[in-house]
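For reference, the structures are reproduced in the following blocks.
Both complexes below contain chain A, partnered by chain B and then by chain C.
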Partner chain A sequence: MTGNFLKTTVLAAGLAGWGLSALAASPSLELVAPLADYKIYVAENTAQLVADTTGLVDAIKAGDVEGAKALFAATRTSYEKIEPIAELFADLDVSIDARADDYEKGEADPAFTGFHRIEYGLWVEGSTDGIQDYADGLLADVTDLDSRIAALTFPPDAVVGGAAALMEEVAATKISGEEDRYSRTDLWDFDANFAGAKEIYELLKPLLAEGDSAFTAKVDGNFGTVEEVLAKYRTEDGGFASYEELSGSDRALLSAKVNTLAEDLSTLEAKLGLG
Partner chain B sequence: MARTNRTLLNLCVAGSALLAAAGGGAFWYAVQQTADRPAAAATRVTVSAGACTPNTLTLPGGTRRFEIVNASDRPIEWEILDGVMVVAERENIAPGFHQQMEVPLQPGDYDITCGLLSNPRGHLHVTVSEEASAAAANVTLKDFLGPLSEYRVYLVLESRKAVQAAEALRAAIAANDLPAAQAAWRAARLPYRHVEPLAYRLSDLENAIDPSAAYLAGREADPGFTGYHRIEYGLFAEESTQGLAPAADQLVADLETLGARLKEMTLTPELLMSLPGAMAGQLAEAQIPAGEDAYAGDDLPEFAASLEGIRKIAGLLGPMLEGADPALGTEIGDALGRAEAGLAKLRGADGGYPPYGSVPQEARDALARDMAALQAGFDRIEPAIGMN
Partner chain C sequence: MSKADHGGRGCPFGPSRRSVLLGLGAGGIGAMAAQAGTAAAPQVNDAPDASAEAAARRVPYLGRHQAGIVTPRPEAGLVAAFDVVAFSPDEVERMLKTLTERIAFLTQGGEVPGRDPRLPPADSGMLGPVVSPDSLTVTVGLGRSFFDGRDWLSGLAPVHLARMAEFPNDALDPAMCHGDLSIQFCAGLPDTNIHALRDIVKSLSEFLVLRWTMEGSVPPVVPAPSGETQSARNFLGFRDGSANPDSNDAAAMDRLVWTHAAGEPGWAQGGSYQAVRLIRNFVERWDRSALAEQEAIFGRRKVSGAPLDGGEAATERDVPDYAADPDGLATPLDSHIRRANPRSKGSEANLILRRPFNYSRGVSANGQLDQGLLFICYQADLEAGFITVQTRLNGEPLEEYLKPFGGGYFFVLPGIRDAGDHLGATLLDAVRHA
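Entry: the complex of A and B
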């Protein structure tokens, strides 16, 4: 076993010398500042999430369907930005953000709760009557998330890997428009997912080797393209048009860019010695 | 998570690290490698429409490889959960496909997810093994990144609170409201106490923010008598807010500078390991015997706040100590508990702390002994973790 391992290692070290010379051997203390700044970013977002959810819940409690619909997409953005960390809490991620197709009985499943159950109530059922308890539950859950995150020492891998994780999730399960299927507010989520991934990338960028300018130029360019595409769908009030208005060519472009970003950002861990 | 060619990358990183070590690389490089040893054959878990097969796994601790086969008709994600926390996950495995992942596992009982959320979860029992113990004992710089970052967050947030509390104090002074200013002064000290283990090392700021009249040639009349205790002297000895506005302005400004300086400091493993012992020692040798708040007598709540700041660091070091020297971890936990209990015992019937002047000598001696014991425990952390 040991002999085999050493052979493999020598081979791998040889490869590293050729194709992967940018890999850092070991993480650096320089990671401490960006990791800390990222936690502060996440904490600010969970505080915003609690505040915005309170407003959404108030509207639902007041029976104001249109008012609640107007707040729904914006409220979700603070969650979507910080998904790499929020998803570490499996129970809350399920109760806050699971989709109907994660359940055997779909929308009728009593365990189907959170944002998407509320979305279903507002857009499909067209009423706040059936979602009063889900609204209370959502507020309790995001409040719990806020305090759990405050107490959490962020795992460096989850932060550095989080940029790629967000992009991969968009590529695999969101770009198709399945996330916000009742409200068609998917573009709000995309924008927040990109912002969350870019935040991590921007915080880590100063740590990348100077020889990595080709990498940063490519990633910057792809984020830029994504922003340009999304900007076309911005509405006057700062929101986004319906997912249904996303043209086929723009969807294909977003899809291509998000896949490339996922692939490129997935090298950050190795570049920063966390591989 | 994106993990294309993850195994290859791991091996490459391991290789580079070995080369770095061979080339005289730092201590930290040399000690990190055993955890990256490739695991034996993958353990296969098949996820069908309703369950995992097998549904219960028992594996020795260490780095284990899993092969997840999606035999259901929907895309799945597969997760290993420790309580509610996700330890590792593999997202979006398409129907009919299989994916591998490698996970370093410490002994314990975990759940595994099996497709639909409504499906029952499977169980993963990880048993004690030499590999897992060696991995846990093998503390590396990477293990410190999370704790150091968390401490930096704590410094930033607590120094923000210190500024806000000083602003409230300044407002009460400006309003000429003595009781409100006295209460605000007491509250303003607590966040400062939380960051003091590092703040007191910035001597220029420390001399402006927290000097004691006893150390100044002209005592209370000395122009160098500024900061918290100058304001304390006005509010509690002279019992007036008069003339304190400039000192309060300066305190707010100095605390803002402190926050910026703390944020810019380079935190290292050695520094983090040294802070709690040094703070406990300062309490044992100076603050508890001599008293800190000569005029307000509010020492006990401040000592409690200091212990909170110490506990924060102890909590950050705890997981690493748990692997490197569990007995020392327990010892420090006990010593911290004793120091907190010793302090809590002095609370009055109303739950509040009495003025320090009324605390008898033997009670002060007992507190000092608790802090000295705590310091002795903390001082053994660095050799315990560094030995590997």
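Entry: the complex of A and C
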């Protein structure tokens, strides 16, 4: 795997790219190590994203609708995992992951591009004909994203706050199943979003004061419940069942847990002396 | 009623510029205004005057029964229905205790605790640093699905508690129906209800997931010159509440509103069945119908609210004499009030206590106003009460102007007896000593 290579190069590049002065001014130099680890996590995921997107685009170029559909959800997961820090590449987030309802003309809007435009082509239009250009555009965007990571500054508050922000986003705009509305692959995204937010939390957990064991026990418990709920919908091939299979009671449970995670993780910055 | 004193008297937390300039403030403040010199007319960024007396008004939250049922109905109402994700008795107890604590604070008011500024504040801040009670009541009920979803509650559901069934004229929207738990908020101002809802959503995010909400209001009414209070009007322009039972008659409330039947579980005694119905009114069409038809549909005069068999001077308090009008020549047999309460032998067993609010929420897909009634009623026995009355109303001429689309049935828990008690304590005791 590329892991080790990435670890050293990204770490070196990453530390250079950081506003060290900002960190020095912050109360905890202790954050340097978890932030470096997080940067490696992001870089591994963007590398994976490029590899997987290449496969997806190849299938689209070959006119293979079924093949492309089969790759769609899995390709997105590495992007959904790094969504906590999407604000650091907001321009690409729009072209990669915007939804039709972000545009007044909806699906017909020429500015509607990226994963969800491709999803629309594959599931609703049932053809790869209209999405060739979008496929090229997506690959160019994810490649651009991957090349930016090394030099990207990761402000501590963006990373620490990103975990809560993603939970807020899941609570406000995903839990209803509106993200992957054509393919109904939302559970893949949920799983990746929770994994991405939990990654940040786990890296920071050792820094939380010992007295916060009630807090960490509660957060651990809520991440645990979410994982248990999603595990019920895992399919044999390692994927997830359709969003339509999600029962009303499990949806309510996920919704309560994601709101409580958002509530609790919103205190992380203060707990770590940021802000 | 208490609405007449809504005249501006300035707020205790900082008199508005307007009340100062109008000289309504205390003497010292008046002097300050004189000093300021440039006495200007009230202006756009002055807050509307609040009544200090109304803001400070408290409704006791402790008692044998929950508040918000036989207590006076203030201007603003809000019903929120939730799914509950507390599954064990301990979790449910934790939820109900937290809910009780929030109700104690919100209804009695007080200072919001401060917090480290790096943390999100403890309170939304909507009402400022000191929360005024503003007559707030918070009334909690449980739906059938709450009992059905928990094995350890089997056999403990109130006997008439059912999932709301669809009536012939209904077009139920699943997104606006049912729920494990309902909370009715009532207060002087809508902001007080919204603040309380946000507090509860924040404090109980672990346990409660919102399903639907509906807000409504009741217009304040200036008392008649005689001093007699009159019923508020609904969005069809008729007085609503005229024939309601007297909520100050404790014996009547014990009989009609508070659950007491021997067949009901012991823990439920002193609770009440709550029926909530979201009923759209086709107001454009109504406004194009003849006055005589409107009055025949309800069985009452539009202006006075008096029954149709009364003379010129009749008032809404007069009681129609159906025995003298067996063929419905004065009050049509299919009129709303005659169907709802035929005043025949035995029909007093079907009396209900109505406590509705008017709602208005934008425009329908067809470009018509989406307005109607957030109908809420309470009864000791849901079957004898709401269900029987609604069944008699099925097919009434008023239906042409109505479309019920949501709501649910809930059982309002018995009251919080004292500061050491919490909502649902009798239910949890019953579980543990079963």
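Here is the rule we go by: the second predicted complex is superposed on the first by the 248 of 275 C-alpha atoms of A that agree within 3 Å, B and C clash if a C-alpha of one lies under 4 Å from a C-alpha of the other, contacts with A are read in each partner's own complex, and residues count from 1 in each chain.
Please note the rule applied: a contact is a pair of C-beta atoms (placed from the backbone, for glycine too) under 8 Å apart; a residue touches a chain by one contact, two chains touch by 3 or more.
None of the values given here were measured: they were computed from a predicted structure.
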Contacts of A:D101 with chain B and chain C, given as first, second, both or neither: first
Chain B versus chain C as contact partner of A:E168, first or second or both or neither: first
First, second, both or neither for A:A241, with chain B first and chain C second: neither
Chain B versus chain C as contact partner of A:V50, first or second or both or neither: neither
More chain A residues in contact [chain B versus chain C]: B
First, second, both or neither for A:S255, with chain B first and chain C second: second
Partner chain in contact with A:A195 - chain B first, chain C second, else both or neither: neither
Shared contact residues on chain A - chain B and chain C: 262-263, 266, 269-270, 273-275
Residues of chain B defined as touching chain A within the complex: 1-4, 6, 8-20, 25, 28-29, 32, 37-38, 74-75, 79, 81, 84-86, 89, 91-92, 113, 116-119, 140-142, 145-150, 152-153, 156-157, 266-268, 316
Chain B partner contacts - residues on chain A that touch it in the complex: 5, 8-10, 12-16, 20, 23-29, 31-33, 35-36, 39-40, 43, 87-92, 94, 98, 101-105, 109, 111, 153-156, 161, 164-165, 167-169, 172-173, 262-263, 265-266, 269-270, 273-275
Complex contact set, residues of chain A against chain C: 222, 248-249, 252-253, 255-257, 259-260, 262-263, 266-267, 269-270, 273-275
Touching residues on chain C, where the partner in the complex is chain A: 83, 85, 116, 118-120, 149, 202, 205-209
